[in-house]
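Each of the next two complexes has chain A plus one more chain, namely chain B in the first and chain C in the second.
Now for the complex of A and B:
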């Protein structure tokens, strides 16, 4: 499995897309930190950018990579290598590359300008989002055979989690605003990895005005530290469940 | 060596394999013939575990291949269309396969050298012609001294010289006691290499006989004619 991951990483490094992504993140992070004299404010702006870009790039890059590696996968399934190691090897190769891109592109600026707990949590949440969207991308890729369809499904997922979902939550809140919705809101936030990533950071920042309804309810309901543990736990599920589902499907897939 | 029992496979509504039963023995070259779309490649891919059968089983050396992958270390597979990571070079592919199969020493590089591939190690796969790709596939299939060779239309796309080299290698491997499974459309090739002939038609085995048996039963001397005669008889029966 690690051997396969190694070849995947080599392959990705040659493709230059990852380098462009890293440079792009570097550029954004440095300019956001440079524009603002208070680094904790820059962290909040950086968070908004990361919550959009990291999931989008992770899911699209992973899906296209999977389809482009189809030949490699075909070659591997005829070898004495288990299907599990093939898929997990591909996943780790892609995930590690994306995480390294994030660590360089966002980690270095944070370490330089804002080496605080908040900065660290922002990075952690970025990593979790990368892993979970890569995992969703693999799920999209194993359920569809056609490349265009697979990328379409991946894009839809991103669009759903970053745009449609919030609108749905707002609609629910609006429609049922006569009822106590605290618990429902927590449940709804758990159903969206991007929301979870945002909450992770907001729990760390003490600006209640920025936390929004969900964040405030969260803090009140769980308290800071348990809230963090719960969020990380659910985030792990968002990484593991789609990945396990894709392994199961891939084991029975005809190539 | 390999036994397939009651193999069934459908892709959607299309039934590709309908209850296929066969036994393949070591030291033999079995040629699978049949029209396009008759299930030859699906049968091969099922044996390789690339396609998962709906029903039935494949027994390799006495063991069911379901959920197993170790048995594939004894198989060398040459696909009909060799597809490789496009941005890798020939040399990188060869060393990667050795690395992935953890088999670095004592490899069979005869074909690799006969095809003069080492001189092209620096060429990237994207730039290769179809024939050169086939040469790479063939050399990789034989590289690890496999006990079973599965070759899907091996000579299609090879120039006459290259296909003679491959046929000689196949005959040699057969004499070394390996099992060779080949699909082909070329009758002369079937006659040159084959011991047994399997005719697959619409997902069923129409006949599976040794070549002398076929000739004797039909009274024909030429294989092509013998097959044609059997087909006609089946049609009228």
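Now for the complex of A and C:
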């Protein structure tokens, strides 16, 4: 498994897409920090970039990589290697490269300009989002055979999680406005990794607004240690569940 | 020449001969109440270091009481500590402690009643229910005192400096902690409140009602339970005050309810859940204030009108402004908004397109408070941008037509 992962990492490094992604993140982070004298304000802008770019790149890159490596995977399947370790090896290779790209592209600027708790949480949720969207990408790739269709599914997933889902939440809030919705909203937020990541950061930067009437409810939940453990737990589920599902499917898949 | 001057001074001193009564634990006079009793009007009582019991000592003649190295005047939790019923009383440098607690009677460390020209300087009040309670008085000076509410009172506390039906009072340089309301005014006019620090009080840092013509300068109100709330008053002037760290689900930097024709200039609002809330407040002037890192900068209810906001800085607030109505009849001009995205083609340092401080999302939250969870999501950005480009829902008149491009230096 590790050997496969290592090979995947080498392969990705050669393709230069990842390097471009890293440089792009570096450029954005440094320019955001450089343009604004107050680093906490740059973190806010960086957050909105990360919440859009990181999931998008993670899911598209992983899907395309999977399809491009399809022949190699077929070759590996012919060898006496278990299918579990083939898929997991591929996943770890892709995930590790993406995380390294993020660490270099965003982690270094944060460590340099804003080595604060907010910066750390931002980086942490970026990593969690990378891992979960890579595993969603693998899920999308194993359920569809066709490359174009697979990428389409991946894109739809990204669009769903970053825009449509929040619109649905807003619609639900609108429809049931007269009811106490705090628990329901926390539940709904758990069903979207991007929302979870965003809330983790919000608790650091928009604390004054969140201390308002209803914000206090969320603050009480997510701000306490139980809420932190809950958030991290759900994030892990968002990484593990799609991955395990794809492993299951891949094991029985007729290639 | 110097000799004659000395002679003159000596003669003067001899002429205005008032006795000085020295009070110390080992002296002939060692009881605080007795010392007051035995003094003639306009005498001075010099209190040496020590602890003196004082169960509601009443001062009913003009006296000066000076403490040396903060002698402790102990109320022993039985009643009030000192009550002033005469004019021209000065209390200087006393350490007043331990009033009784109670909800039927407002026990105070120093009570000043129907007294004029009384002064309280540099006194420490500790473990008191009410700190300094002034009623039906005028021309009182309360300066450089420290008052700390009773620890043993739990959540039942009195006010730090309490004014009731007073006129022309000066409250300066006091520090007020752990009370219910730091400074409380009712029916008090023409007062000046400067350089005070009111912090960590369980309700309001400053609270007043029906108290016109008062001036508040360079005070700091920090980390109070619900910030500062002022009501039903006209002609208030607030200059250079700081309102900060008032956090909570009902905390305001400054809550204005039915405050009219007042001037709020040069204040700093920092780290409050809501910096300024206005309800039924009209003809207000907000100038040169800084709104920094608040949840909301301004919350202006639709029943406020003819208010002007000029040359204020809005930086790092989650929401610059919110309102609950569509018709807004207030003027915003020459403010700096850090969220302004317009341009300045003619380089006159004033933005060419108006800035609308109320975002669509803040209107949504106003109606659906739970939606605050979507703060800073991509969808919210999209909605705000769409609304900004093609306005349909937002109050059209709530805008700054002349936003300045760079932060206003103070």
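Here is the rule we use: the second predicted complex is superposed on the first by the 240 of 255 C-alpha atoms of A that agree within 3 Å, B and C clash if a C-alpha of one lies under 4 Å from a C-alpha of the other, contacts with A are read in each partner's own complex, and residues count from 1 in each chain.
Following the convention adopted for this analysis, a contact is a pair of C-beta atoms (placed from the backbone, for glycine too) under 8 Å apart; a residue touches a chain by one contact, two chains touch by 3 or more.
What you see is a predicted model; the values in this text were computed from it and never measured.
Within the superposed three-chain model, A:199 lies in touch with chain C and out of touch with chain B [touch as defined at top].
When both complexes are overlaid on chain A, the residue A:133 reaches neither chain B nor chain C. Within the superposed three-chain model, A:52 lies in touch with chain C and out of touch with chain B [touch as defined at top].
By the touch criterion stated above, A:166 is placed in contact with chain C alone, chain B being left untouched.
Of the two partner chains placed by superposition, only chain C is touched by A:216; chain B is not. In the superposed pair of complexes, A:91 makes contact with neither chain B nor chain C.
Contacts of A:14 after superposition: chain B is touched, whereas chain C is not reached.
With both structures placed on the common chain, the touch criterion links A:65 to neither chain B nor chain C.
A simple residue count on chain A separates chain B from chain C, and the partner touching more is C.
Common to the chain B and chain C contact sets on chain A is no residue at all. Residues of chain B touching chain A in their complex: 11, 45, 48-52, 69-73, 75, 77, 79, 83-88, 96-97, 99-101. By the touch criterion given at the top, residues 3-4, 7, 11, 14-15, 69-72, 74-83, 252-255 of chain A touch chain B in their complex.
Of all residues in chain C, those touching chain A in their complex are 247-251, 271-274, 293-296, 316, 318-319, 338, 364, 367-382. Residue ranges of chain A in contact with chain C, taken from their complex: 38, 40-41, 44, 47-48, 51-52, 162-163, 166-167, 169-170, 173-174, 177, 181-182, 185, 189, 194-195, 198-199, 202, 206-216, 218.
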